[in-house]
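Take this structure first; my questions come after.
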Amino acid sequence: MHFASDNTSGVPDAILDALRDANQGFAMGYGADRYMDALRDRIRALFEAPQAEVFLVATGSAANALACASFCPPWGAIYCHRLAHIEVDECGAPEFYTGGAKLTHVAGDTGKIDPEALAQVLAQACKGVVHHVQPGMVSLTNLTECGTRYSVSEITALAQVAHAHGLPLHLDGARFANALVAEGCTAADMTWRAGVDVLCLGGTKNGLMGVEAVVFFDPAKAWEFQLRRKRGGHLPSKHRYLSAQILAWLENDLWLDLARHANAMAGRLEAGLAGHAQIAYPRGGNMLFATWPRAGHDRLQAAGAEYYLWPDHATWDDPGPIGARLVTSWSTTTEDVDRFLTTLARENALASDPALG
Amino acid sequence: MHFASDNTSGVPDAILDALRDANQGFAMGYGADRYMDALRDRIRALFEAPQAEVFLVATGSAANALACASFCPPWGAIYCHRLAHIEVDECGAPEFYTGGAKLTHVAGDTGKIDPEALAQVLAQACKGVVHHVQPGMVSLTNLTECGTRYSVSEITALAQVAHAHGLPLHLDGARFANALVAEGCTAADMTWRAGVDVLCLGGTKNGLMGVEAVVFFDPAKAWEFQLRRKRGGHLPSKHRYLSAQILAWLENDLWLDLARHANAMAGRLEAGLAGHAQIAYPRGGNMLFATWPRAGHDRLQAAGAEYYLWPDHATWDDPGPIGARLVTSWSTTTEDVDRFLTTLARENALASDPALG
Amino acid sequence: MHFASDNTSGVPDAILDALRDANQGFAMGYGADRYMDALRDRIRALFEAPQAEVFLVATGSAANALACASFCPPWGAIYCHRLAHIEVDECGAPEFYTGGAKLTHVAGDTGKIDPEALAQVLAQACKGVVHHVQPGMVSLTNLTECGTRYSVSEITALAQVAHAHGLPLHLDGARFANALVAEGCTAADMTWRAGVDVLCLGGTKNGLMGVEAVVFFDPAKAWEFQLRRKRGGHLPSKHRYLSAQILAWLENDLWLDLARHANAMAGRLEAGLAGHAQIAYPRGGNMLFATWPRAGHDRLQAAGAEYYLWPDHATWDDPGPIGARLVTSWSTTTEDVDRFLTTLARENALASDPALG
Amino acid sequence: MHFASDNTSGVPDAILDALRDANQGFAMGYGADRYMDALRDRIRALFEAPQAEVFLVATGSAANALACASFCPPWGAIYCHRLAHIEVDECGAPEFYTGGAKLTHVAGDTGKIDPEALAQVLAQACKGVVHHVQPGMVSLTNLTECGTRYSVSEITALAQVAHAHGLPLHLDGARFANALVAEGCTAADMTWRAGVDVLCLGGTKNGLMGVEAVVFFDPAKAWEFQLRRKRGGHLPSKHRYLSAQILAWLENDLWLDLARHANAMAGRLEAGLAGHAQIAYPRGGNMLFATWPRAGHDRLQAAGAEYYLWPDHATWDDPGPIGARLVTSWSTTTEDVDRFLTTLARENALASDPALG
């Protein structure tokens, strides 16, 4: 019963096979491998973006921080939700890579920036006044950290506000595939066509060992990015092992199938929780936030269920119902989901009928 | 005939097998996997250093830059050879991670810092004078960028100078295994017992996909390092794939066997070059720098031999004999070596007897 | 009618005289002047802090940013009010000097951090979890950016929370003298005795040309600060012109007299505004925030009154009553205050009785 | 006998008077004062550069580091002489402000970069190769740190090499006035007409309290510079005290007269040293490096002469003749020069004729 994170899952056999294939013979390093050439073509076709430039790194934090640094100067503000991964979970990586940009919160429910709130913050940003940090860029996460999903039209609305102020739009897509299949649109629809300037396309949470692609829809920043990547220690010498993985993942829509399964498992979990737990946010893909009585937690913990308390700083010592973050992945099984639900439900049944205790 | 770099080679089957094993089931991320626990124990035993702390990253530049940043303040000088990898080949990663430390050259032949030169530079460093960058740390590479090797006694001598000035000693061990088997000493002898404070133990160039271990012999900097690693985007979520690789590599002395083979191939190359090329530096392990007539290059290029010109900025347009850097690896074959030598030798024979042309 | 800022005022003749005196002959630079020796003694005596270390810089932003950088690592959080000068008005100087620390808002009314809010934020800070920025330090401003004042007991309460979490307390004292004379306590009471670890003692806004003293009550960070100051380009070569100014300013309580006058002028302004304007915050010293009808602004502007709209991003195009920030200084005259009040009051009178127009 | 540095001197009465004048009334801060407007016009006229942008800071290190950061990215190389002030004497300020650029030495005698050496370094810089720091800018100092002077033609030659590689040219003009009057050319001739892109025009060493002007001949970087200046804590609120000083200094060629006097005093010193000391470098303006017997030093020290040993790391414990750096200023007197010479000469006379001892 592994619901702690989608990064606790492994990789499909197809990825292992791709690594074994890629292991044949010698290959020039640092991105000069044939898998990378094929990958670049594949992503350009997939995103209908023939000018796009694509670069790989091994972690999502690196992808985000390097992408942000390529667009935002040290004296810039990066507008994001207060719960954004770049704000909360990267130990200040964006500040480090940008040379000290300021992550500035924009309000919005359920982890999503509100376009009107963004417009208001930008209207009050004192652009051109030297005493103040200057507007730099806007950053979204889709799926969000609340497990919700920006629709294409919501992204479009935010991009319009950003672009009206001359700001580029970054999309942290650690769970991009989950968002994409849930939204049922094309990759282009969710990105450049909606106004996204740079996408961090997450592979690690959806079946890869540690591969993220940074996709620049406008190649103007490509060389700067490459220098920043190298300088950040993020240019792998044996690069083929990254490019071969992600290439195999994109073949035959494997990445989408993996995401569909993860989403379906979350849907099954959500359906089963009804009546037993309080769901916090509308489910956008493969992640749920829910609250249930303490006794349910006790039973689940005893049964070995793995999940994080929610919010981050919650502890077992907190009084009252405790929240949980539940994340499914490509390798989540229906058995695990059902056992989780049964364990929780039985507990609740027992709790509601002490005579059965 | 692949002699461009040891990072153009793949990985042994044992590493692929280890990845397949590690792929079973779920595992907590960010270093909380059981392979990492086993690895930590293994490295402590191997280095006879029960207090050592061990952390993994995916690239050598990250390992070096993070290690340096953990010891050297922004206003510090990092004393190194002018040819050091951290100085030449990392696009300023140490400057980036330290917040602007100054890499300061220390003279020495064949890529090795000279202890007397180090002592002199430190004597003139104006420590305590606020106008000048302050002495920060000393960094060695073993094998060096010239393919030479510091002996244990040479490391010891440098460590004594460094420590006499209160400076920690960093060892960039991208080719540590090659140096170790060539020197024929224990891992402890070449590191903490000689005075090394932090080692970057390279796996990538010696049979791994992209794994480097940073070993702190004094754990005082361990927590700071972990924060810097995370902040640098270098803490992998699916960490098990790094720890499982390096653990398998250390089992049954695989890492040393791989290095011994690479060194032997370089030795075979060196022996065969005698009489046909000018060897630049005493060979320390698996890397050679040599010069031979242009015609030899032409023949080798035509035959598909891969190697870098030397020095870095050399081009085919340069007049006169052109140098080459030749690197062997665990997967270099005797056939490739011999074919390389035959191609070069034939060329030279032809060149020396134009009538045969 | 100059109420835009206390930094639009000049300096008293005593300061000009001190400069002329200090101009005699030659003096060693970079702080090795006799005025600095006298100043250090004077501040130690004044603050009853014989161990304190004192350093001068020319701007408040430099003082704050350098002080913060001496205490907070790049991965640290600096807890401050969302309106704090370091957060709003320094174009990211603290982020720059710290190497990317994160300024984290703590709630509180009237520009003052609330101790309970601080305690709560710290309780939820996930200290020791590598994914999150770590608690670094707490920063207060007194007077605050709302013109309010922390009492000694309020500072003490905040220091206790900070210290309980192992965090140092920084006091941005750009208007420290104004706070001090209003509070009527000793300099020691408002600083180290209340738990302040480092004070930025502002001279520029209270009668100096551009001199701020950074006072470390614990000298442990003194050397690091000096290196950071030099590296930041903030160590003046002709240092005597800074030390002579501030020394003269501290003589015979001149600094306190200047602050008392500024506060008295703000009091006079406040009293006169009663009935004509809405005062936003309890006045702590020499700064007021007030709102009055548009017609009053028009009359004042026509009469040449100088002040900033409030909040920062307010413009004359905003509908409705517009706020103003009014700051008095040592050189504000009663005539100016009274003329301001008369201009505003007449306008209001006219507005309320159109027949008089 | 004050020859330690030109920054140990005071300021002429005209500067004090200018401060007193500027002290009248109120003035808007941060550069919005009328003196700054006049100064901008004055400098544009003086340099025959109507498009130039001018900004003031209080120290030479700030001027240099901010100017460099405006042109050189974090991954750039700043080519300079190994003795350059930015390399040796600013505790890494350029690295700090640029975010970790690499100061790269270019050879040349007597503190001056050699154009051929620059061309060679640039030819070997591996531009466009991601592993290496990229060429960023070229920085000269005039007068140099050896007291020598680049002629206009020498600057032109270096600018041509720099511009041929697309690199901007920075001129550290801490002693620009001294160089200018010695060279006998116009300010335009020594700067933009020779190819200088940004000049740090030093006032502090030549009669101001702490004012340096950064002059951008191409205004493209002006806004970025202003943000960097603010963020660096180098935008003075009471800016008028800087602008009034430098404006008065430029009036009636005062700055040139001051520099002429300083140079003349150095010339007198040089002439008098003939036969008694070994002069190290051709004198370019107001600075000399010379070596004489130990006994001469003893006598001078006893007589209270002030100067720095040379090189930086020299100490009284060094055996043999010890070098001295002698700097004259606008306030050096012929009496002081002559007394210095007499003291030294008598010593030598004594030494050469022991019977007189």
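When the chains are written out, they are named A, B, C and D in that same order, and each has its own residue count from 1.
In the analysis below, a residue touches a chain if its C-beta (ideal position, glycine included) is under 8 Å from a C-beta of that chain, and two chains touch if they have at least 3 such contacts.
Note that this is a predicted model, so its numbers are computed, not measured.
J.: Considering B-C alongside B-D, which chain pair is linked by more C-beta pairs in contact?
T.: More contacting C-beta pairs are found at B-D.
J.: Of the other chains, whose C-alpha centre is the longest way from the centre of subunit D?
T.: The most remote chain is A.
J.: In whole angstrom, what separates the CA-based centres of subunit A and subunit B?
T.: Computed value for the inter-centroid distance: 35 Å.
J.: Any idea how many Å lie between the Cα centroids of subunit B and subunit C?
T.: Chain centroid spacing, subunit B to subunit C, equals 52 Å.
J.: Just the number, please: Cα centre separation of subunit B and subunit D in whole Å.
T.: Chain centroid spacing, subunit B to subunit D, equals 42 Å.
J.: Residues of subunit D touching 2+ other chains?
T.: Residues 74-75, 90-92, 96, 99, 130-131, 227, 230-231, 235 of subunit D touch two or more partner chains.
J.: Can you check the complex and tell me which residues of subunit C touch subunit A?
T.: Touch list, subunit C to subunit A: 74-75, 88-92, 95-96, 98-103, 123-126, 130-133, 311-313.
J.: Which residues of subunit B touch subunit A in the complex?
T.: Residue positions touching the partner: 2, 4-5, 7-11, 16, 19-20, 22-29, 57-66, 90-93, 96-97, 204-205, 209-210, 227, 230-238, 241, 306, 331.
J.: Can you tell me which positions in subunit C touch subunit B when the two form their complex?
T.: Subunit C reaches subunit B through residues 30, 73-75, 99, 130-131, 134, 224, 226-228, 230-231, 235.
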